[in-house]
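Each structure below appears as structure tokens.
The following pair of complexes shares a single chain, subunit A, combined with subunit B in the former and subunit C in the latter.
Up next is the complex of A and B:
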């Protein structure tokens, strides 16, 4: 985003000396904003001003990469309908180093099982957060090594002891884990450890003022690969902090908060923990650390994450396959529609209401509606016939009738010809399916 | 798009007479009628109808009688800042000061007053020497007003930059420069200052004034215009303002959008 005249003016010396060739600093700021002058012609501009002006041109929230393809930050909006959210929240499972070896193995097995396939999409958990609660550096390093050996996922190593963190990190540096948390007490040691190993680091402080102070101090060490933790552990306070940080970074270009934020759940009751995590996923957390690793708890969270990070400008599609509604049998009717989710679910809902078990074939129309697809040549008889063939419907039913949307009645003759099936023209609106189905 | 109803102005015969006779009825009639037309603010201007020494008292009286019948916030329109201040003192809702040019002496008088009464300011892109012809100089004046607002701690949303439209029949070359100024003013600060025009000026002494007004308004809104001092009872003009809201995705579309626009 280009800088505004006012933002530039505030960084200028306000001497009005005219040495830049423009009579006043205000006019010079205007010339800079419109690209008609270069900052170099001002002999009095300070290094800090130059830095402020350079960094103001950078994206509002820095992208932080770690582990196995985890990307945090790099977001530009407060509401997904304004554009889209780009990088889905990275979910990590908390593993304490106080677990016994048996408990640790059981937890690792449970984490490995967190893979789902749902409505044609693959979901999986991205990472593991190994937390040093034992106070024992050797145990922390051993648990981290065990987890790293067992799972091929992004790692977060959390300890307040720089020596423990160093011991755990060094053998795993090639995995590029995220480490933390650097606090006001230990930030020099931990940020330098991160810098030496080129890994990102969490900066944790209690509240936004303290966090700003810590970011400024840590930046002075010459490193900028940060993830922020505003220290709050209640959902209300975390929601407020997440909102302030995102808003300041984007609306005010407040550089100290121009980094992704990590949130930690506080609820110990898993249902409540998942509700809490849902809030953080919806409201700007780039990473969330969960205690539960039970499949039934994690699946809804992954589903909502997938929904929230969907690009709202692109039509949502259902799988372009043969769907079935109810206990289908060899007499079940076959409806054809498009794979635009709004269209498909309108049809599915009505077919369900008809209480007649049926097949619905969703044609791949790039997620466009029936008339849009027809107008764009994406819902043509040849294509429908090919999809019918590929779906294997001929082996599933003994009849040879296919029902098409009433708005495209015009293709019925051609579809009959190319598919060899009898084409029945259904109602124009899906709301007519219930009464139509009784006439079959 | 904010509509500042222009009709309560001593330049109109009925208002001028009302001011001289201290008759509140014409002011109250136009306050109500403009509100019905779709006005969001009411511009209040005594014009030259009453002697200078009576203006301070006149503004206080005008604000009071208008507020008896209308809840709309007011735009206090005068070059006499004492008169404006008298009006601000009795305004029930935050008002807008109309106006302040980019002159240091006037900025020092007007901006602190705006802070004191929590008022907005219409800032004119001109100084003592007059109205610049090109967009570049208009924007330079706008920048001075923006810097002043920042210095006095006035939110950018409360600063309305007026790039000063002139009649198209005698100052035709100004119209495109004003459109360009509207575009550039939006880039001066973040959040951007708001913008306003004395819209009816564009068509002074031309035939088909309404056509010129509404065509220019649509062009100006697309260039970044946020408010206009205009005829709130020109239905075609208000319809254009409402339609622009829809086409710029500022209000959510409904079939009844013209009605919705007037109801708020």
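Up next is the complex of A and C:
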């Protein structure tokens, strides 16, 4: 919970000297509360006050960085509509060190294939979790090294044996893997290992009370790069724990839980596992470890993650240019729509299904849908005509017909007048494009 | 030291709606289905009761639908026969409800008569014991005729009838009221219209526990985040005692998810997306999982394999 201006003001020296660049201490407090100023600019604030204000102003959930650009935590809300979720859940594929070399290579190849492209977005799996199930430190280190050499992704090294973790971690420390799990039994060795190598570490305990105790003890070792695992392995318990930890961190500023949380799936049937993982992605898990690495399973999960982590205030947009679908030619029809990605891809999908190579001109409406843009004056005939002109469509087709969405039929007369093109009113919904296109 | 958990105290709960009617209640159903009643956010058993688990209605159409072959092959021969199809959904796939959609009533299609539609409803009612959800076609004038005829023919069965919309709700709401059915109120991804429509219907005299909200879902990858947030806000509104947002929610996930290219395009066409068989199933099931997390009470689904996955997910989330 960020402090209010008045709460900050109470801690300030109240000299009103203006040296911070703001005329009064109260105004400075207000600037601090809104994040427009930094406490460093006040030369007279006491050390105690600085500490009180710093810890109060620290984000409720610490950002933990590891591997290849993976950021966990650093979230501020419980519901995406309150602001947005910032750091999409990091997905890691479980690789056991009990796999034979052949199985290991096959798994690595499958993981490497987890790159997707849909509706203009690129998704790829972020990491690999190498798990020591063999009980053999040397095998664990070897498998970790093999995976690290083969894939350029974030790594998680999981073992309860500090010696095995050390063996696997030290050659790979430059890759900054996440390691774990430190438990009540081994936390000193494992947290110190993490500290020596400057890598983040998972703290795992059975239940929230035990977890809090472990965090406090681990913090006493002088380290704070933690990821939490409340130990639950059933979906309903994991959902409850994820919710509790997130709420306590954000609503109560409960420091021991001010860290990102990692979730492990329990279902063994791959599709059931994906269903379970969707719950954790929606509900606050900063990382999820998956057993399945089948493309058809991972794509739906990555899609829902992308959807949920979309900023509700910033619609995703496509480039406001002339797009072509299929092998366009001089007879291809021209559709006009907006640059809101959902609108654009709904149109594109249907145009593709129609199997008629076509042009689609996306008008820059700041990423709003057809009716929203029209109501806001961003989908006006003059603007469409100018975009048509700028796109050079006139040289690409020999006809002079432009198709507009049925909902804005009212602009057809004016568009014909300003563009000099014949305006055809298309269907209201893009789902009508296929049958409409046959009538062209 | 023990951690003091944050447990929310909500001032209200989601309203309960009963679908179907047994012989004692003037219908012919072998059992009724009750939805809603939750006193907390979905599946958070530590602070509120998930009084009635979410239910799955399987979609049955009066004419053979233009669905992809993977779904049609699972359904098999009965796809030509809505009565046998409905029976298979209940007996074999464990559907809690049957969602009967009269695409054949469309004036631009087969233009099936309202009487014919009502006859099929009666036949399906005779074949299965679960409650029915009935929607007409997408032509609103025709839909009103069809639903009025069905409401009368199935009087007392407490069907869930669709759709009432902001600019077309009066005749269908009247039909529901006169013949004792429950009504679906659909709003286009807009919580204000959703609320307004419930007020308008309620003002006609239909009680709040006879209305179910359809917030208009979107498929996975095609705007599901919008409906996700709208449903989350509606649920929070219901818990904060906003009576006009307190109805249980119905989501047509099968229809929306299976419109998406990812649920239909073959691996030959998009090698990067992996095999279609599992992808198609998950596209629908993950869409359902998303809306379940924000309070869906009734899921309208198509693909039997996706239904099975969602049944397992609901069991997982409601396990003690």
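Descriptive notes on the structure:
Everything that follows uses one rule, which is that the second predicted complex is superposed on the first by the 278 of 440 C-alpha atoms of A that agree within 3 Å, B and C clash if a C-alpha of one lies under 4 Å from a C-alpha of the other, contacts with A are read in each partner's own complex, and residues count from 1 in each chain.
Please note the rule applied: a residue touches a chain if its C-beta (ideal position, glycine included) is under 8 Å from a C-beta of that chain, and two chains touch if they have at least 3 such contacts.
As the structure is a computational prediction, the values presented were derived from the model and not from experiment.
Applying the stated contact rule after C-alpha superposition, one finds that A:4 touches subunit B and leaves subunit C untouched.
Of the two partner chains, subunit B is the only one that A:29 touches; subunit C does not reach it. When subunit B and subunit C are set side by side, the one touching more residues of subunit A is C. When the two structures are aligned on the shared chain, A:106 is found in touch with neither subunit B nor subunit C. In the superposition on chain A, A:394 makes contact with neither subunit B nor subunit C.
Once the two complexes are laid over each other on the shared chain, residue contacts for A:17 go to neither subunit B nor subunit C. Contact with neither subunit B nor subunit C is seen for A:376 once the two complexes are overlaid on the shared chain. In the superposition on chain A, A:410 contacts neither subunit B nor subunit C. In the superposition on chain A, the residues of subunit A contacting both subunit B and subunit C are 251. Residues 79-81, 115-119, 208-209, 212-213, 234-236, 239-240, 243-244, 247-248, 251-252, 254, 256-257, 267, 271-272, 274-276, 278-279, 282-283, 294-301, 303-304, 306-308, 310, 312, 342, 345-346, 349, 352, 431 of subunit A are the ones touching subunit C in the complex.
Listed in rising order, the residues of subunit B touching subunit A in the complex are 139-140, 143-144, 146-147, 150, 184, 187-192.
Put simply, subunit C touches subunit A in their complex at residues 1-3, 5-6, 41, 43-46, 220-225, 228-229, 232-233, 236, 259, 261-262, 267, 272-279, 281-283, 285-286, 289-290, 293, 309-310, 312-313, 316-319.
Partner subunit B is touched in their complex by these residues of subunit A: 2, 4-7, 9-10, 26-27, 29-30, 33-34, 251, 253.
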